[in-house]
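Shared chain: subunit A. Partners: subunit B in the first complex, subunit C in the second.
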Partner chain A sequence: MTLQDFLMLDLPPLLAAMLAGGTCGLLGSFLLLRRESLIGDALSHAVLPGIVLGFAFTGARAGLPMLLGAMLAGLAAVALIAVVQKAARLDPGAAIGAVFTTFFAVGLVLLEVTGARSVDLDLDCVLFGQLETLVWTEGRDLAALLDPAALAALPRQLGLMAGVALVVAVAVAAFWRPIKLACFDPAFARAIGLPSRSIELALALLVAAAAVAAFEAVGSILVVALLVCPAAALRLMTDRYTVQVLGGAGLGALLGAVGYALAGPVPAALGVDLALNAAGVIGTLGGLVVAAAALLRPRRRPAAAAITA
Partner chain B sequence: MIAYNTLVVLSGCALLGVAAGTVGTFALLRGRALVADAVGHAALPGVAVAALIVALVGADPRALPPLLAGAAIAGLLGVLAVQALTRTRRIREDAAIAIVLSAFYAAGVALLSWLQTLPGAAQAGLSKFILGQAAAMRAEDAYIAATVAATCLVLVLLAFQRLRAVAFDMDFARVQGLRTDRTDLLLLALIVLVCVSGLQAVGLILVVALLVLPAATARLLTHRLPRMLALAAGCGALAGAAGAWVSAMRPEVPTGAAVVLLAALLFTLALLFAPERGLLARLWVLLRRRLAADTEHFLRAAWEAQEAAGAGPGTAGDRWAPIGAVAAARGWSAGKAARLAAWLALRGLVARAEGHVHLTPRGATLARRAVRAHRAVEHHLLAAGTADADSADRLADLLEHGLPPEMAARLLPEPSALPASPHALGAGR
Partner chain C sequence: MNPPAPLEVRHLTVAYGEKPAVWDVTWSAPPGLTAIVGPNGAGKSTLLKSALGLVPALSGEVRFFGRPLDTVRDRVGYLPQRASVDWDFPATALDVVCMARYPRMRWWGLVPRRDKEAARAALAQVGMADFADRQIGRLSGGQQQRVFLARALAQDADLVLMDEPFAAVDAATEAAIVAVLRELAAKGRHVVAVHHDLGTVPEYFSSVLLLNARVFAAGAVQDVFTNRSIAATYGARLAVLDEASVGAGAVGA
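So, the complex of A and B:
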């Protein structure tokens, strides 16, 4: 494999996988601590109609309309889940199951009706992700990394993902303490006057944005793996909040990188004729990491031992 | 004329809907509905591995039973994985479900992409299991789905008592000596069976909706379990058959999406129009209650305006009260007071003339009852020392409606007496 091959064919998907993994891993910890992992599941499915409509309006895979549509769809789904849960007196799981499947089904039908289904946005992208299709035609040598004209030719999905990752990172850093309180003790957070509802809403919006950004890389369903698996693995290993949140982001990015490498480049370098779907490998790795964490996790000292010690 | 094959497929999907509605009802009541989501997604690697084995053995790659068996095994493994993760006590069930469904599905995606590179047609058409494609179902596929669905139904009927006990009161069932863990396992097995039999028609992503939506629809319509089961089965059958029909007519629409949208439509209708729990019915009750409270407040204010004008406590006298005074006493806008006056005049409770109202005998009776209830609560609160005159007035405003006459009689023992108001009457309080 030459450097040119790497820059043109491997660098964009690698970056995309790492950005998606890092963003989702960061947000996943908050979802897990707030016991809202299924909201992440629901949002990643529910943004589909928004994406399709955004695509249909502009006729191209422009980032902003799709992002906007997806965030609206995500908000609508969250609001509808609350309404259905209250009005039909369902438990949260059932309400989520009822709403997100409906949104996803609407998205699938819209995909057919609006004619958005095309080479650009098709079912395969929704179901399997399209990491492999990201290429950088201008990446001929290392000098291109510093050349603005060549950088402008990077796949525009990367720009969207980097933007969302930046926004998410800044938001998390700026509201570190309020988010922490809202994760661990929502009642206390409300009592001391934190806008608990707004934080909740902002979190949902960020997850929706991350879901769209990651959607093009790993597909609608595998976003769930990136949202839940790194966070859950860290939750099994640590009790420290900072480690949990930052570690989740790091593990997510690592999963993205290793998964992508294992799917194609590494077997190719070893001379094995094996090319797997990168998103699938990333998700599988996520599951394996959780399983490993569950087996290897540090056992807490039993209470009796703590008393006699 | 519907072709024979289409007819068989429609019937198969209808029966599938019946089974999904029935099993879904128990899953919903037991709080287990989303397990189906994990089972459905987890089936994908099972299907892929089964297809690989079938291809290696050299059997017919289109045969359904081995694929469904693979799906069932993988689905069961998924359920076990959810339980194992939950047992760590650090990952709750919701997160465990999300982990299992995404990781298993991812493994399936990776396997599919590998199968594609193999020679032969091992993976041909496997992706139809993801979103469902009833149009591609052959009659014998429909028979298989129908058989599995029928098995589910029979099992539900056989274990009806146990399932009911576990769905409603786990602890009671345990105290009664039922093996609740076994019943739970049976329920999980039923969920797996339904998901597997629905794979070809609905697809593994959306099969959870077939379990949740009809059951949730039925839950809105009735409180009784047998009726709920029947309604859920009916909704499931309708959505299943109609969805399959839509997809048979327009093959480019994924069947799963069609089935789910029809089930969601039924659910939405129930959510809006259900006789007791529907949003419209509850809005209607709320508005009627609010109107009843406003009516009582108006009548009482009219009575008290007459009292304040010198009729003395307990007697309304034959006076006319200005609507403006009523509005001021209640803090209402003039328009609202006028509208209420018109409504009460229509009901024959007041007479209206020149911006004044006069209580008719029926209106006076109701007004006296309202005043009595209000003052009973006020005096009670004051006697108990829980409130001063002003807050007693406000609390009584909230409590008096729907206070039965017997209760007012307990608070105010003398039947004919109407005590004086503990505070000044009129506006400005």
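So, the complex of A and C:
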């Protein structure tokens, strides 16, 4: 493998996988601590109709309209889950399950109806992502990394992913303490005047945005793996909030990098004729990491008696 | 003129779905230590949560020190029920107590030393200084309750609303809570606590509100905490049940 091959073919998907894993891993801890991992699952699927409509309106795979459509669909899903839960007096799990599968199904139908599918938003890429198609045609040598014209030729999915990752990182840093309290004790947060409700809504929006950006990299199914697996593995390994949150982001990025490398470049470098679906490898690794953490249990969990006493 | 009551509610009505939990309650908490007493489901916790704006009221008005909550939030502390949070959360006892002081801090960065010291002092006050760095899931139930009490103390509020502070605690914790209540009263602070142990009301509190959706009696413990008013508060439910069973019998007959 030459440097040129790496820059043109491997760098963009590697970065996309790492940014997707890091962003989802960061947000995943908050979902897990709020016992809302299913919301991440729901949002990552419920955004599909918004993505398709954003695509249909502009007729092109432009990042911002699709992101906007996805955020609106995510908001609508969160609101509808609350309404269904209240009106039908369903248990939260049932309300979430009913809403997100419906949204996802509507998205699939829209994909056919709007003709988006025939262009280049096909079902396979929705489900499994398309990491391998991210190429940097101008990445001929290291100098290209500093050349604005060459950088402008980077795949636009990568730009969207980087933008969302930056927004998520800044938001999490700036609202560090309100988010922590909204995860641990939202009622107390509201009692002392912190904007707990707005924080909860903003978290949902960030998850929707991360899901859209990551969806192009790893597909809508495996976004869930990135939202759940790093956070769950860290939960089994640490009792410290900072380690949980930042470690989740780090582990997510690592999963993205290692998963992508194992899917293609490593076997290729070893001369093995084996090309795997990168998203599949990343998801599988995520499951293995959680399983390993559960088996090793570095963190001694408190005795059940201590919790109930 | 007397200073305004620490907490005053007027015509407060709260309902969950179609079932009213608090019905047209008009009451003002006197200074000092006050217990809210009543049977299960009488709306005691709901009254506190509604006063703090945590559950919406259908109607009514709430005043703290004669003013709306938003303008005096730093004077009002809150001790939620212990069961309301996940104690497996990755946080130490000190982390949790520091949360009381979040409104005084920036939203990012390290907790200022001043606030950390205030949190440690609050932990010491409830006899938990040695457990500051322990993960909260590895504390006993009573110790967890004392961490919550320390958090309420670290708010340094003039009035603390406590939701079942004595629920399922050991003798050492109960003694620690009582000592804290007396210190607060001695400093001229006020406490309104939901309480379920009728036997200890006269010993721990100076005033009482007997609540069963409606107000049945309110005032100084020695004046209103009588067998008659207690029976009326707790019997209201029985009387309703009697009527219901008579009705059911009539249908069945």
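What we mean here is this: the second predicted complex is superposed on the first by the 297 of 309 C-alpha atoms of A that agree within 3 Å, B and C clash if a C-alpha of one lies under 4 Å from a C-alpha of the other, contacts with A are read in each partner's own complex, and residues count from 1 in each chain.
Note that contacts are C-beta pairs under 8 Å (C-beta built on N, C-alpha and C of every residue); 3 or more make two chains touch, one makes a residue touch a chain.
These numbers were taken from a predicted model, which means no experiment stands behind them.
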{"item": "Touching partner for A:283 - first (subunit B), second (subunit C), both, neither", "value": "first"}
{"item": "Partner chain in contact with A:297 - subunit B first, subunit C second, else both or neither", "value": "first"}
{"item": "Which superposed partner A:232 touches (first subunit B, second subunit C, both, neither)", "value": "first"}
{"item": "More subunit A residues in contact - subunit B or subunit C", "value": "B"}
{"item": "Touching partner for A:35 - first (subunit B), second (subunit C), both, neither", "value": "both"}
{"item": "First (subunit B), second (subunit C), both or neither touched by A:183", "value": "second"}
{"item": "First, second, both or neither for A:163, with subunit B first and subunit C second", "value": "neither"}
{"item": "Subunit B versus subunit C as contact partner of A:192, first or second or both or neither", "value": "second"}
{"item": "Subunit A positions touched by subunit B in one structure and by subunit C in the second", "value": "35, 235"}
{"item": "Contact footprint of subunit C on subunit A as seen in their complex", "value": "33, 35, 173-178, 180-181, 183-185, 187-194, 235, 238-241, 243-244, 301-302, 306-309"}
{"item": "Complex interface listing, subunit B residues touching subunit A", "value": "28, 31, 33-34, 36-37, 41, 84-85, 88, 90-92, 94-95, 97-114, 117, 127, 130-131, 205-206, 208-209, 212-213, 215-216, 219-220, 252-254, 256-258, 260-261, 264, 267, 271, 277, 279, 282"}
{"item": "Complex contact set, residues of subunit A against subunit B", "value": "32, 35-38, 40-41, 84, 87-94, 96-98, 101-102, 104-106, 108-109, 112, 123, 127-128, 219, 221-222, 224-225, 227-229, 231-232, 235-236, 263, 273-277, 279-284, 286-288, 290, 294, 297"}
{"item": "Touch list for subunit C against partner subunit A, complex", "value": "49, 52-54, 70, 73, 76, 78, 80, 84-91, 95-96, 99-100, 102-103, 105, 107-109, 135, 137-142, 151, 155, 168"}
